[in-house]
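Naming follows writing order (A, B, C and D), and every chain is counted from residue 1.
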Amino acid sequence: MKSIDLNCDLGESFGAWRMGDDDALLALVSSANIACGFHAGDPAIMQRTVESALAHGVAIGAHVSLPDLQGFGRREMAVSTAEAYSMTLYQIGALHAFAQAAGTRLGHMKPHGALYNMAARDRRLADALAQAVRDFDPRLRLVGLAGSALLEAGRAAGLEVVAEAFADRRYRADGSLQPRGEAGAVIEANDQAIAQAMAIAREGSVQAVDGSCLTLQADTLCLHGDGAHALSFARGLRAALQAAGIAIAAPGAVADAA
Amino acid sequence: MKSIDLNCDLGESFGAWRMGDDDALLALVSSANIACGFHAGDPAIMQRTVESALAHGVAIGAHVSLPDLQGFGRREMAVSTAEAYSMTLYQIGALHAFAQAAGTRLGHMKPHGALYNMAARDRRLADALAQAVRDFDPRLRLVGLAGSALLEAGRAAGLEVVAEAFADRRYRADGSLQPRGEAGAVIEANDQAIAQAMAIAREGSVQAVDGSCLTLQADTLCLHGDGAHALSFARGLRAALQAAGIAIAAPGAVADAA
Amino acid sequence: MKSIDLNCDLGESFGAWRMGDDDALLALVSSANIACGFHAGDPAIMQRTVESALAHGVAIGAHVSLPDLQGFGRREMAVSTAEAYSMTLYQIGALHAFAQAAGTRLGHMKPHGALYNMAARDRRLADALAQAVRDFDPRLRLVGLAGSALLEAGRAAGLEVVAEAFADRRYRADGSLQPRGEAGAVIEANDQAIAQAMAIAREGSVQAVDGSCLTLQADTLCLHGDGAHALSFARGLRAALQAAGIAIAAPGAVADAA
Amino acid sequence: MKSIDLNCDLGESFGAWRMGDDDALLALVSSANIACGFHAGDPAIMQRTVESALAHGVAIGAHVSLPDLQGFGRREMAVSTAEAYSMTLYQIGALHAFAQAAGTRLGHMKPHGALYNMAARDRRLADALAQAVRDFDPRLRLVGLAGSALLEAGRAAGLEVVAEAFADRRYRADGSLQPRGEAGAVIEANDQAIAQAMAIAREGSVQAVDGSCLTLQADTLCLHGDGAHALSFARGLRAALQAAGIAIAAPGAVADAA
């Protein structure tokens, strides 16, 4: 049976501030990327999010970010590869502690925001992130943009990689995402986004901006937690996947459980 | 053969700022308490400090603090026990990642500064810290002031506790430290501090401020890293201990190595 | 004509996180206490809030806090009076810059959260805050709990003080607030809170927890921005004040405008 | 009589960490760029630095930075122009408060580190900084790299600009600095740096890396505070300037005093 992972960014509240409807999303996804305090998430929120994901049977991973709370990790910063390596270890370890205390373990690492984009195109930075993951625990999967430098780095480091695709973003013919700033870069209509997700899940392909058909092997689809239609989109996508006989499961869910 | 641990706070630099002569101190102590980013220590410094301690054969532990970089963790804060629990897990986990990557593991947790003092007298707070340590790894030792609520909490949580004494601080008859603000609270003369340390190490006793003799069972002595005479004191104390036939070793060093 | 000020805490968003319905509240209050980056509010939010308050004709002041973003300034911290002095100057100055750029000026300073409570009872801390206000601009008013040490300190520093009362908090016979933790400390019913506000505004008195009648001269009433009924309460109170012929105006609104 | 300004970055300590020999440098410079809390400097240190500069008769300005304490403001960040504008206002205002309380006023703004470099080449960012300065106080001077976009932006905003040159950095033929990473980019020998400074101060020219003679009109020379030879270089430069009959004075020192 075919299967695909649905992942979502969670635990993005901070202190007195709330963000996202984590409980609703946990009922819809198979993997959660949990903020580790650098762009969002304080220790209390990390603890609660890990416990909540565990209760929902959702796989968890570290959502590692540049140190920029004010910018929510969305502003690129010129960090060195040594800095990227150590900040990745720090954040994975911090989240690991809550998993450990809750009697579970991390399954993956996915960089957040600007760090995700930087690691998608910069192989040296990507290597630093991959090596941090491997040096912490080589069983951790590395999640990154399908076709990106990050996945190459992960494979080179001997890690299992998880290729991510987006249901609601337009792709260019070279497999990169159309930048958010450009008109049409985000697919607003739920039915179009679901159609793109289904093409990816079923056929491993997506129609690029220029009309060409792009091969896109993806292991996981990213659900956004904060859009207006986030929940209705997620429910629609789940229904479409189930109707098509495609299981929703975290990578290695069967193997890990064994 | 009698033995005692010498511990020191390390990794207290941050970003571009340097503090302490870590390399010199690592040659003199048996245990290092490493800052975890809340009062000092950024990821790069934590990594370097762990690697350096490992190279020197010095046992490492997490030096967990209140979140107060500007105040260096020295200002008491009214944190809840739930907050204390989660911030302790976070910091232990962050440091653990560097130990894991370096192929070693943490041996202990010691709270820093204001958190140390608060946990010495507040049993509920102490319980939160002890439970965080136990939930992360019950093999970790909990270091606290000899006779403090923190050690009681550690024992209640089933942890091995390490009682700490100070060579250069005056004790009151009830075993508490004379507050730093008071005249004479800090022993400035190296020979007097060494004499107090030797009385603790050899006889398990110290002369209190009121002249009475206080029983003080201590497993570790704290060396300060930033005083003017820190290194000469440490060297003098080592010589005195060796002359008295007392080994300098981290708690459980033999057992852990086995 | 009798008048009273209605004040509210505003600009309490941070980065990507939203808090409070600032636009709705600005239509209802006469004074805004604007967060200065220590418990909430980043530069962009401060700028926007100052501009928005100015557009609504609402007087603005600095809502000065302990440095504790994660705890939203609600956790007491053992800061020295020198630290309190300098952090107050820093925050007032930061907010002043946005007022200056917008062509307006600050009218007051009100400490936030834990600092408010600490300065209400600790005269030395209160003196530090009052001196910072005076040293920045002696025309600034100092807002504090009616009957508190902060107002005494403000008068001693030669400042005009603004006594604050709460519509929805129970008072003890000595004029202090019943702590939030205790049952009944917060008045949940809008009509009861409005009744208490009207007693304060009209008669300068409030019924204490023990049933006694407490004299309470207040210049301003605090509206909370984040409660479920915040807006409906504010509208109800405005209507009641207008029906009673009591004007709603910032302290010195007429004098300042002259 | 010819004159030139000598400026230095000061107040770069933070919390318990010390950096630089501020007192020694204040005896040697005519202008101080004071950190405002974003890359260094906490409120207590800002207060002390302003008071100390005032006591030494040294002109003061805001050393505005990207929000990156851990990276000391040296890592470029992709901030928007709106963010740059508001963070500049925030920092100028915060420092202004200490000047105001000390009975003096700011004379200039100079961006720090990565922001300095970004604003030297990016005119839109430079405009944001210049507009923030002008909107706070159009009498403030804007300090930037001689020939940079920042100075163009300052002039366009109607500000008086101060062109900065470096005694110890190699220039390329186009007036830009040779990047630090390249061999020979920093002039280590004091006598060569003094010679370059004197050529700039006397003749308004400097020999570029390619041997060509570059015209370089500079109003101020930057002294580094943290190099090994910082103080001896500063003393040597002062002696050379005095021997050449060139006065050392902050820009507009005479006019401002009038």
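In this text, a contact is a pair of C-beta atoms (placed from the backbone, for glycine too) under 8 Å apart; a residue touches a chain by one contact, two chains touch by 3 or more.
Since the model is a prediction, treat every value here as computed from it, not as a measurement.
Enquirer: Counting one step per pair of touching chains, how few steps separate chain A from chain C?
Expert: Shortest path length, in steps: 1.
Enquirer: Averaged over CA atoms, how far is the centre of chain C from the centre of chain D? Could you give it in whole Å?
Expert: 39
Enquirer: Just the number, please: Cα centre separation of chain A and chain D in whole Å.
Expert: Computed from C-alpha means, the inter-chain centre distance equals 43 Å.
Enquirer: Show the residues in chain A shared as contacts by 2 or more other chains, in ascending order.
Expert: In chain A, the residues touching two or more other chains are 42, 70-71, 83.
Enquirer: Graph of touching chains, which shape: line, ring, star, complete, other?
Expert: The chain contacts form a complete graph, every chain touching every other.
Enquirer: Which residues, counting only chain B, touch chain D once they are in their complex?
Expert: Interface residues on chain B, with respect to chain D: 13-19, 40, 42, 69-72, 74.
Enquirer: Which bits of chain A are touching chain B when the two form their complex?
Expert: For this pair, the touching residues of chain A are 37, 42-44, 46-47, 82-83, 85-87, 89-98, 100-101, 132, 135-137.
Enquirer: Using the touch definition from the top, list the residues of chain B that touch chain C in their complex.
Expert: Residues of chain B touching chain C: 67-68, 70-71, 75-79, 83, 114.
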